[in-house]
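Below you'll find the structures, each written out as structure tokens.
Two complexes, one shared chain (subunit A), two partners (subunit B, subunit C).
Let's turn to the complex of A and B:
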């Protein structure tokens, strides 16, 4: 029973990592940017939700929507301020990595000042905090909510990217910008759309992670590392791969914490990342015909 | 001592430690690879020299030498393993390396002091630090003039062309990783001595960001740029912390972004300087203060 409970715990944590990894993957596959500022979007989502909840009397769901919208806006802002000038000049990958580091540390410091570096938490009466009994297993309501939201949103993102015209256009821009332009697609609009979706998804991951616990301006940093592990293991460019990678990381972390060692938990995760990187750099689940290695 | 002067001295010493760390990152960037490995190498070096100082009879110079050699070998192994990856995957792998290093630092309590960290038994004086920086700088200057320097430049500009010209690209890059390890260990020891404490968070992502920022500001084209970058990103913050208490990272972030957008070559960019000089010479020639000479000829190195 304990094993089953831990497994469910792991799946619920993994669902949040999966959501984050999907957001991370969208930016990577459409813009070829390894965006280290991605974790900050999650922190902004959670923090803005917190500010709205404490300063105004709006219900929880509305606060979450505002937080997610704010995260999406931050993502677009970062993209247009930091990445657009580089794209226009055709600077290579490393330039974008460094620009994202710059955005990361600056935006993180803003939140650190706004909260005086102290931990905060959603007010207890606003968040559902009950426990659900499911076949002898206790699941926190926040965990269940995280799981359901993640499944719904990841499915929605998958449908958006693979079953709609906008999704095809976004993927086309990611694959070959000039050809997409010749086919009548406006690359800039598509890139902004991708940034918007990615920011919103990441912001939601932040809100769900913050859910029942106290958090501070570092929230997104941990998520960035886990999401990064998920994306490496699952494969970068693919929604399904990223999602499964996130789930896998969540389960591995929870199980290794309870059965192997809590202290070496992170070493196991990132050791796994190293092994996968060296052995199959495109991810375990990535298609065999990926061009970059 | 005058408190302002003490702060200045501490700022200078932090800048020197930062400069050596930045040079460690620069060596790999020189061959065209972005690596966060410096932070791991610095951790290995700092913990090794601290352990040697408190548990063996080795003096400071010998301890430093041994830990630099150890970290250098570690760097060679890391380079050998990671070079199978292409550029940004390699950067990712070095980030993972930094994260794993921290886990080991926390868990190897008998050597590293675990989560509580350890007090450094013997700290370096200003002059010893300066000596170390000068030695590392001299090594860099020598490397720049050596065959290695030319090969590294070629690897950065175009690895396939370099390979076609007979440059052993992978070997050069592995050597760069080894050098990065040894220099990183020296920098790590300096940083630890300046903090007089080493703990799991001493060598973590924050330091990686500062070091990368220094190298980027300085530019990837000349080693001296990294020294200037380190003064701006590690020395200056310590000094102006008396005026500004928070928001330092915002300034750093905006500065870094401005550099990468407007000055992608960094502050010390010899190519840009040469171009500027040529342009100045051309305008002077137009005004008639200097006999006109075709700029193209001068650029090609023609002398009259």
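Let's turn to the complex of A and C:
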């Protein structure tokens, strides 16, 4: 029963990683940017939700929507202020990475000052903090919420990217911007849309992660490595791959900490990531790169 | 012809070169002499007007900025009182030269080097985390700059005469807390949730284990957590699976609070105990339901303070609008100890003089803890001041833990 409960814990943790990885992957595949400020969007989602909850009387679900929307706006702001000028100058990935580090530090410091660097937590009467008993296993309501939200949102993002014109346009810009432009797609509009979706999804990951615990301005930093690894495992450009990658990391991390060693859990987890990459270098679900003659 | 001067002859060129070398050598010699006159070996001139400058590496940004601010604020109140009450004597005053280290080892070491290079600075106060202390300590020893460590808890960091530690070590407090709670609650079994990637925390956990062992409580085992951990439900599940009467949670602030919250949410009904890291501004408000009634040890409790401690608490409350916690008390005590060292050094307020005085310091008769405070091997001991406290609901005030009915 302990194994089953830990497996459920791992899946629920992995669900949050998956959500973060999807947000991270959208930026990576659309803009070819390794955005190290992505974790801060998660923190902003959680923090802004906290501020709305503590300063207004709105219900939790509304505060979450506001927090997530605000995180999306922060993502657009970072893109337009930090990345767009570099894109116009044709600066490659290294420049964008450096710009993302600057954005990460600046945004994080703003939160540090705003909270006086003290830990905060969603007021106890706002977040469902109970336990659900399912066949001898105890699952926290916050865990269930994380799992359900992740499944719904990741599905919605997949449908958006693969079943709608907007999604096709976003993917086209990510694949070959110039050709998309020739086809009548406005790359800047699609990039902003991608940034919005990415920020919102990542912001939601932050809210779900913060759910039942105290957190501070560092909240999102812990998700960055897992998110990046999940995208790499899953394959660039595929939402399902990023989601699977996140789940994989969550489960392996939890089970290795429970049954092998906490000290080596990261070594084990990322060692397995390397093994997966050796087996499938393009990721679990990535399509092969086709070049026309 | 012989005797005719040719400006570009080899002899003329050699003569010119020789003069240039001689001029350069003289200038260098003058500069060296000036430098030698400016400072003695490890000595520092104080600021003018009887003011002694102390460098302080603060951590008001970075991952533990909340605690860092408390340390820094405590130190600032100490300066206010030391100068206001002429505690050093002879009209000498202290001036703090604060530099931000963000509690990052490399940044703090760089800042320490800057402070050490400034010969007007007589001593330095620093270091909440043990890795930071480990980075700064060699700089202080090499530059012969007296250093007082105010927060790092790893064993054997003090190295008199240049490195003194005024940290009220959590280990004796943890031993006492575990014995007190175990006896009051009649605990038979205990499990430990320990943040294993921090040597200082592991050492604190060992002290809890020792105390529990001395109280005859059976250790059922340990679940490790990591400083980078963001979710604690699996750790809480593993701990609860052991069915212990009590769980001791040892970690840095966010880590410990996260695990305590997870245990609470999972419905753990036994006794949770933790360390001083769960004290601090804002902590209770972040998880009031989980933290209420969790006992933890402190050396300083503002509501129970007397004498110098009471004055400190009042001044701190007046200036910062909140009662000082254990971290603020340690910040105060570090600067206060420096001041007592300067007092003992008398007229010799050079770095060497201060180091000698600090190295010879055996006690602090008048102190904020209101208890016997001694020094041994450069390490402060105030273990007789330890109290077991808890947060009271709903206001989150810290009060003495009253035992079985809590």
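Here, the second predicted complex is superposed on the first by the 274 of 293 C-alpha atoms of A that agree within 3 Å, B and C clash if a C-alpha of one lies under 4 Å from a C-alpha of the other, contacts with A are read in each partner's own complex, and residues count from 1 in each chain.
In this text, contacts are C-beta pairs under 8 Å (C-beta built on N, C-alpha and C of every residue); 3 or more make two chains touch, one makes a residue touch a chain.
Model, not experiment: these values are computed from the prediction.
By the document's definition of touching, of the two partners only subunit B reaches A:278; subunit C does not. Looking at the shared chain after the overlay, A:228 reaches subunit B, while subunit C stays out of its contact range. In the superposition on chain A, A:109 makes contact with both subunit B and subunit C.
Using the contact criterion defined above for the overlaid structures, shared-chain residue A:263 touches subunit B and also reaches subunit C. Residue contacts after overlaying the shared chain place A:82 against subunit B, while subunit C stays out of touching range. By the touch criterion defined above, A:121 lies against subunit C but remains apart from subunit B after alignment on the C-alpha atoms of chain A. Residue contacts after overlaying the shared chain place A:219 against subunit C, while subunit B stays out of touching range. In the superposition on chain A, A:101 makes contact with subunit B only, not with subunit C.
By the touch criterion stated above, A:34 is placed in contact with subunit B alone, subunit C being left untouched. Overlaid on A, the two complexes show subunit B and subunit C touching the same residues of subunit A, namely 109, 112, 263, 266.
Of all residues in subunit C, those touching subunit A in their complex are 60-61, 63-66, 68-69, 196-197, 223-226, 228-235, 237-238, 241, 253-254, 257-258, 261-262, 265-267, 280-283, 285-289.
Within the complex, the subunit A residues that touch subunit B are 34, 81-82, 85-86, 89, 91, 93-95, 97-99, 101-110, 112-113, 221, 225, 228-229, 232, 263-264, 266-267, 270-271, 273-274, 277-278, 281, 292-293. Put simply, subunit B touches subunit A in their complex at residues 34, 81-82, 84-89, 91-93, 95-97, 99-100, 102-104, 106-107, 205, 209, 212-213, 216, 246-250, 252-257, 260-261, 264.
If you check the complex, the residues on subunit A that touch subunit C are 2, 5-6, 9-10, 12-13, 16, 109, 112, 116-121, 124, 129, 131, 138, 140, 142-143, 209, 212-216, 218-219, 222-223, 254, 257-258, 261-263, 265-266.
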